[in-house]
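Shared chain: chain A. Partners: chain B in the first complex, chain C in the second.
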Partner chain A sequence: MAKGFLPCGTYHQDYAHDHAWWQTRFVKGKMIFLAIGLFLIIPHLDSYYVGIVNMIGYTILGALGVDLLIGFTGQITLGHAAFMAVGAYTSALMVLEFPWPKIFIHLGLAYPLSILCGAVLAGLWSVLFGLPSAKVKGFYLILTTMAAQFVTVDFIITQYVARIGGRGQAFSLPPGTIKIGPWIIDSPTKVYYLMIILVLLCIGMVANLLRSKPGRAWMAIRDNDIAAETLGINIIFYKLLSFFVAGFIAGIAGAFWISNLAAISPEHFPWSWSLWLVGVILIGGTGSIQGTIFGSMFMVLVMEALQIGILPLADIYPQLLEKFLFVKESTFGLAICAFLIFEPNGLSYRWWQIKNYFNLWPFSY
Partner chain B sequence: MEITKDLTIPKLFYQKAKHYGAAKVAMREKEFGIWRPITWQDYFDHVKRLSLGLVKLGLKPGDKVAMIGDNRPEGLWVEMAALCAGGVAVWLFQESMMEEVQYIIDHSDTRFFVGEGQEEVDKALSIMGQCPKVEKVLWDDPKGLRHYHQDFLISLKEVEKLGAELDREQPDLFEKLVFQGHGDDVALLFYTSGTTSKPKGALLSHWNMLTMGKHLMSVDPCYDTDDFVSYLPFAWIGEQMMSISCGLQIGFTINFPEEPETAQENIREIGPHVMFAPPRMYEQMTRTVQVKHLDASFSKRMLFNLSTKIGYHVADLKFKKKPVPFYMALLQKIMYLIVQKKLRDHLGLSRIRHAYTGGAAMGPDHFRFFHALGVNLKQIYGQTEIAGISVVHRDGDIKFDTVGKPLPQTEVKITEEGEIISKGPSVFLGYYKNPEATEKTLVDGWLYSGDKGFIDEDGHLVVFDRSKDVMTLSDKRPFSPQYLESRLKFSPYIKDAWVIGHEKPYITAVVCIDYSVVGKWADDKKMNYTSYQELSQIPEVYNLVEAQFRQANRDLPDVARVRKFVNLYKEFDPDDGELTRTHKLRRAFVEDRYQDIVAALYSEAEVIHMDTTITYEDGRTAKIKTDLRIQKVPEEGKK
Partner chain C sequence: MSQGNLFFMTLTTGLMVGGIYALVALGWVIIYKCSGVLNLAMGELTIIGAYVALTFYQMGVPFVLSIVLSLIIGLVLGILTERIFLDRLIGEPILTVIMVTVGLSFFLRGVVEFIWGTDTRVFTPAVFPLKPIKIGFLVIGSVYLWSFVTAIILLLILVGFFQYTRWGLAMQATADDEMAALSLGVSARFVYAAAWAIAFMAAGVGGSLLGNINGLNISVSYLGLLVLPAVVLGGLNSIPGAIVGGLAIGVLQNFAGAYLDQFFPGGVKQIFPFVFMVIFLLFKPYGLWGWERIERV
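Let's turn to the complex of A and B:
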């Protein structure tokens, strides 16, 4: 892990401290403030705002896997929504259809277990579509990951999985079915608590993976796969591991998201959602966990602002209401263009620059 | 703590090691990215084994153990081990010339030579023939030594093994050795760098070293929770003063940098509480700050300028011992929070309580600079012969043109000839095998320093430059070239300056610009140059240097102003013999070498034709033919 700037007088006598995440009182203080904000302030906001934060959390979970593949392993993917769909459907089916013993459902173990199963299944499904990465890269890999999207969502889920139980297209999730133990998740605030725990766990997992052997192997593959192989890194294994972890997190994201929905259908996981996630990490900055967070916040908040700003105008231009989707999409496109031109390293780089400005104070280098 | 005549460094070491044991870290060394701690117990165990190992190899009380190497814990262990066995420690400078090493080893009757690694072992091997008294050569770092099979070579690990064996045979031998010593026994034999003659070996007793440490610590107390970074050569008495005398008495943690090259960075990591360094180190820090400041963005520069202005103002008030008005104090506090705190952090001075400088004169500009930052920088005056220090500034009583007041129990007087003499418990025993020099230096217990000076109205000692460096113009008006040079060198654009004027009608100067700083300046101004030589002769660069002269000339008496200067086509370099290894200007040498320039500066000539030979670092030589322009510095007000 890049240690960054440490104030004078910070030294470590052993590696455990040398590798600690939070090394100074200043950083620890920041983290306490963050924790207060996350656990004590946000849950008490109006449920509309909590809903927005939940959307941000969902985007972070999705983008984290994409960043792992694109930003850290250099494997471009355009089919991430497929793995989220696998997680979501696995979880939904396990909650609704699986013949659990009664006591199991009463104890509220079905949903938490289904999150895990959904994650593992999505991870394995991701590895399946990552297999071509052993042979192809770049442009061709993009096409194979797109294939994942169409095969999984448009074919398998729409044609077969969504028809299980004869409900038609959408699986409705009756209130009270999503519960962890005695805790029934039925309000945005409760969804928020689940979300924040999952997001923190996933970020912790990815951050720790990145500073251990797999993470270093992934970055070596990203920087130069041939050089990485000559260094003795089993690049096929680590590429597939990267696909597995990315799929695993996507599965968690999907399984989590059903707690926020009254019903799921394949339309929740369109190809454009995969593309959207790539946009999120481009804006946030590839190869940075903070970037994933910043990008998710930016995209969700800009879209919300757009809604607040544009919809009142619909009284004057009724067309706007009809064509709002196009406004949204074109803003998305514009944002990506603008970032690629003016801030190609994303918001995380800007963040780094701001920190650096003060770290180097009163000098410039 | 009471220092008695019976106490020795080993006895104190024994007490401290037993007192702190494994609970406290005695030293740290940066290795593989972390500061590996060594507790007092580890320190004690290593010293015990090494000491007994040396005894097993035949060390007798009074035998000399010569050591050479970088600052490493092992260096200190061996020194302590030698002292514990009743031996005498002799430290050599890393960069000493072969003849010097050979002279010192032979003159000191060294029986054991301890080198850090291959480089030092090679040195030992090449002088073994001329030094028949050397019996064993000890080494620590095995890198490159695999194929060295001489019988007299032995690694410190093996010595420790021998020591452990001896310890099993005679378990109480070490204690017996430690407690046999007496305070008047010789502890260190330190050779003073002779600029004119052969080095002289000063004999320092345990009593000398311990009283000096005690008195310094009574002026500026340190605590055992403090950190100290040991990165200057152990052969320098100042480093012995901190690491051995004060370190043992206080028990602060001594930190060793990873490599000499990383010292500055490592100091920043540790953030020492106390620091002692020659002026060169502080000058380097000032230069770093100035250069980075020049490259900072506009807003940062403005805030920095404002904070330095306030800092200087407050520092000057304190120097004059005037009360600081509350609004100034408040402004200073604010500026400290927004600029200076961070600046001190960059320099590794965040936690500094006392910073000392000694060994050479330090320019007042540099001195003020540190005080403006709120760093408690003090002058130290002393010589090896008085265990390193006899005079120091007191807190709140600092004058940058003095070196302070004598330590407790130390008397300092001025003879009728103006020579500084001192007396006290830390005055050395005499020179080794040199009774004539001892007689000359040590008269009735008074140490004759050879430095001129006087004591001012506040009781502060003022030391003149060594008398040969005080000069007079042809009309008998005196001036100090060193003072002028240090003022000029405060400018980041000027790397070195050589002020001329002895028995001349006016003062002139030869300037070596700082290639990287002036080069950057020229780049920003889109000026073309291909070499140092070309850059130095650009008219705009001349004007830039002239501006620095006008700055330095300001508030100087008319006599001390520089009238003409020339930019030299190269930097002064120790390899060319223009500077000493400690980067002091060798005046006589440059005067001889650059006679043409001196002659031209005192003629009507405007251009000097140079035709000289220069030596590259790899030993090749090349002819240089160039023209140097002479520029006049206009008088203030006449421009």
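Let's turn to the complex of A and C:
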């Protein structure tokens, strides 16, 4: 999607201005307000609301990689939860089992390093399952990414990795093990600070990649891969790079999420979670970073609203409460179908229209 | 049990289960051939049919009649699904159509779980006799044998429907060249609806049969995913391919369970078809009898 139109009377005079992130003073002002909101207001909310925001952040991190693959490179993936699981398990295993030197644990470096390792490993794992993309595309690639999900989560992790150290199915993370520097991550607010830093870093990384050579190559491959190849783009390299970056972000997401959980098990990364992430970017609008954010907010908030809305009904029909999960599934399915049928460009397109309306006002021609 | 005996037992069990897979795979291929929709909601179609059949059977309706009733409900649901969800999406990009079927599968799964819960249910009293049948040195559970026979009969009926009836020929014509078929007076909308109705019905019978073997719960919808390796093996738009692919995946799966399980303990039986599919895709992406697509700029 193209950038929004500039406000009336604003013209670019050089490339530096044209490529700037925040092109007008008004946008800079908005960003300052956003930063105040993110860093000063949200952390002081009730911990229930901070928990919801953390969920949104986790969804953004997961969906960002999916958006990179589907929205920008055109490689449809339905197995992204597998890479998140790889990141989460790598990080958890490193924190729990790796023979860290005392000084590392004392300085609180174990968890940050394990996030990095989890991300790299998830990226490489993603490249492994992206290899078939050199030969197949479309539906066939969907099948191989689905296979990635089943092989990784349902087989390797459930049967082997989850049993390391005789732990049975779930790894419990004792309090105090998740520690960055001097801070022990143990409350929603602290998880929130970690989340917001990771989300901003990942969005910055993806956004910068997208406006440099790899990003242009990815979009060329998405629009027409044969034409891209004739233009001299090494499509296999860039497809695999896209898989690596997507897996890397998924690994970060998984490794981050263990800080919010007391225990991780393969059930945290089911196939439906992969599908959920794809649904999130479709609702937000593919091929747009804002879309990822809007989609995540929409899905998490709608589900919360549904939960709140259904509570009064539970007095009349008590079974509704225990069957809430199923209502949620159905609603999500219907939401995807409705968006694809009635609003295929997603929420970010509406946002774009609103923004343009105000930018061009009063002379919208 | 001797080694050779194990081999033949595995082979027959695989073929019998494969018959059910072939039936569901045929439903999948019919949708793809006629309307070009790559359907990921096949698993939910199977459990809906199976639960409807089970409900009728529990109410005291004879098994055959309850299958017929579930076929009728499948027909109605299939037409409704096509009309409400997929009719508007003709000509949209592949991701859109696939994700609508994914949304559909979430929706249907939620509805099924809401109505019937998640506990495993069994057909009581047992539909097929529990005593195994002996053929020569082979011992086969009669559930497997009867399921296989039912699946084969239905497969024959469906293939006959396609080859010899007016509607079946209309569907084949649409699959072959939609524009030509339209100009000859075939109603494409009718064909799409019929394809979904047939897929719903075939999947429902497949699910009921599988529910007879292992008991019926939400995990029967795994059948809908197993269909994918089968159709990839046979080629996405080939009806004989779907049948052969279904049988082959059934056999492969049981061989993996019998022989590979000692090396990779755990769920190798569930995973092997997908591993096989990935490797197969690397070498022969269009399957055994699928159409090769040549791409130009």
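By our rule, the second predicted complex is superposed on the first by the 346 of 365 C-alpha atoms of A that agree within 3 Å, B and C clash if a C-alpha of one lies under 4 Å from a C-alpha of the other, contacts with A are read in each partner's own complex, and residues count from 1 in each chain.
The working rule: contacts are C-beta pairs under 8 Å (C-beta built on N, C-alpha and C of every residue); 3 or more make two chains touch, one makes a residue touch a chain.
The structure displayed is predicted, hence computed values, not measured ones.
Contacts of A:14 after superposition on the shared chain: chain B is touched, whereas chain C is not.
In the superposition on chain A, A:227 makes contact with chain C only, while chain B stays out of contact range. By the touch criterion defined above, A:336 lies against chain C but remains apart from chain B after alignment on the C-alpha atoms of chain A. Of the two partner chains, chain C is the only one that A:140 touches; chain B does not reach it. Of the two partner chains placed around the shared chain by superposition, chain B is the only one that A:361 touches, whereas chain C remains out of contact. When the two complexes are overlaid, the chain among chain B and chain C that reaches more residues of chain A is C. Judged by the touch definition given at the top, the superposed model places A:52 against neither chain B nor chain C. In the superposed pair of complexes, A:155 makes contact with chain C only, with no contact to chain B.
Taken together, the chain C residues at the contact with chain A in this complex read 38, 85, 88-89, 92, 94-96, 98-100, 102-111, 113-114, 225, 228, 232, 236, 264-268, 270-271, 274-275, 277-278, 281-282, 285, 295-297.
Contact residues on chain A toward chain C in their complex (touch as defined above): 70, 76, 78, 132, 135-136, 138-140, 142-144, 146-147, 150-151, 154-155, 158-160, 224, 226-227, 230, 272, 275, 278-279, 282, 286, 323, 325-337, 340-341, 344. The touching residues of chain B, when paired with chain A in their complex, are 25, 28, 33-37, 268-271, 292-293, 295-297, 300-301, 303-304, 307, 339, 342-346, 348-351. The part of chain A that touches chain B in the complex is made up of residues 6-15, 18, 361-365.
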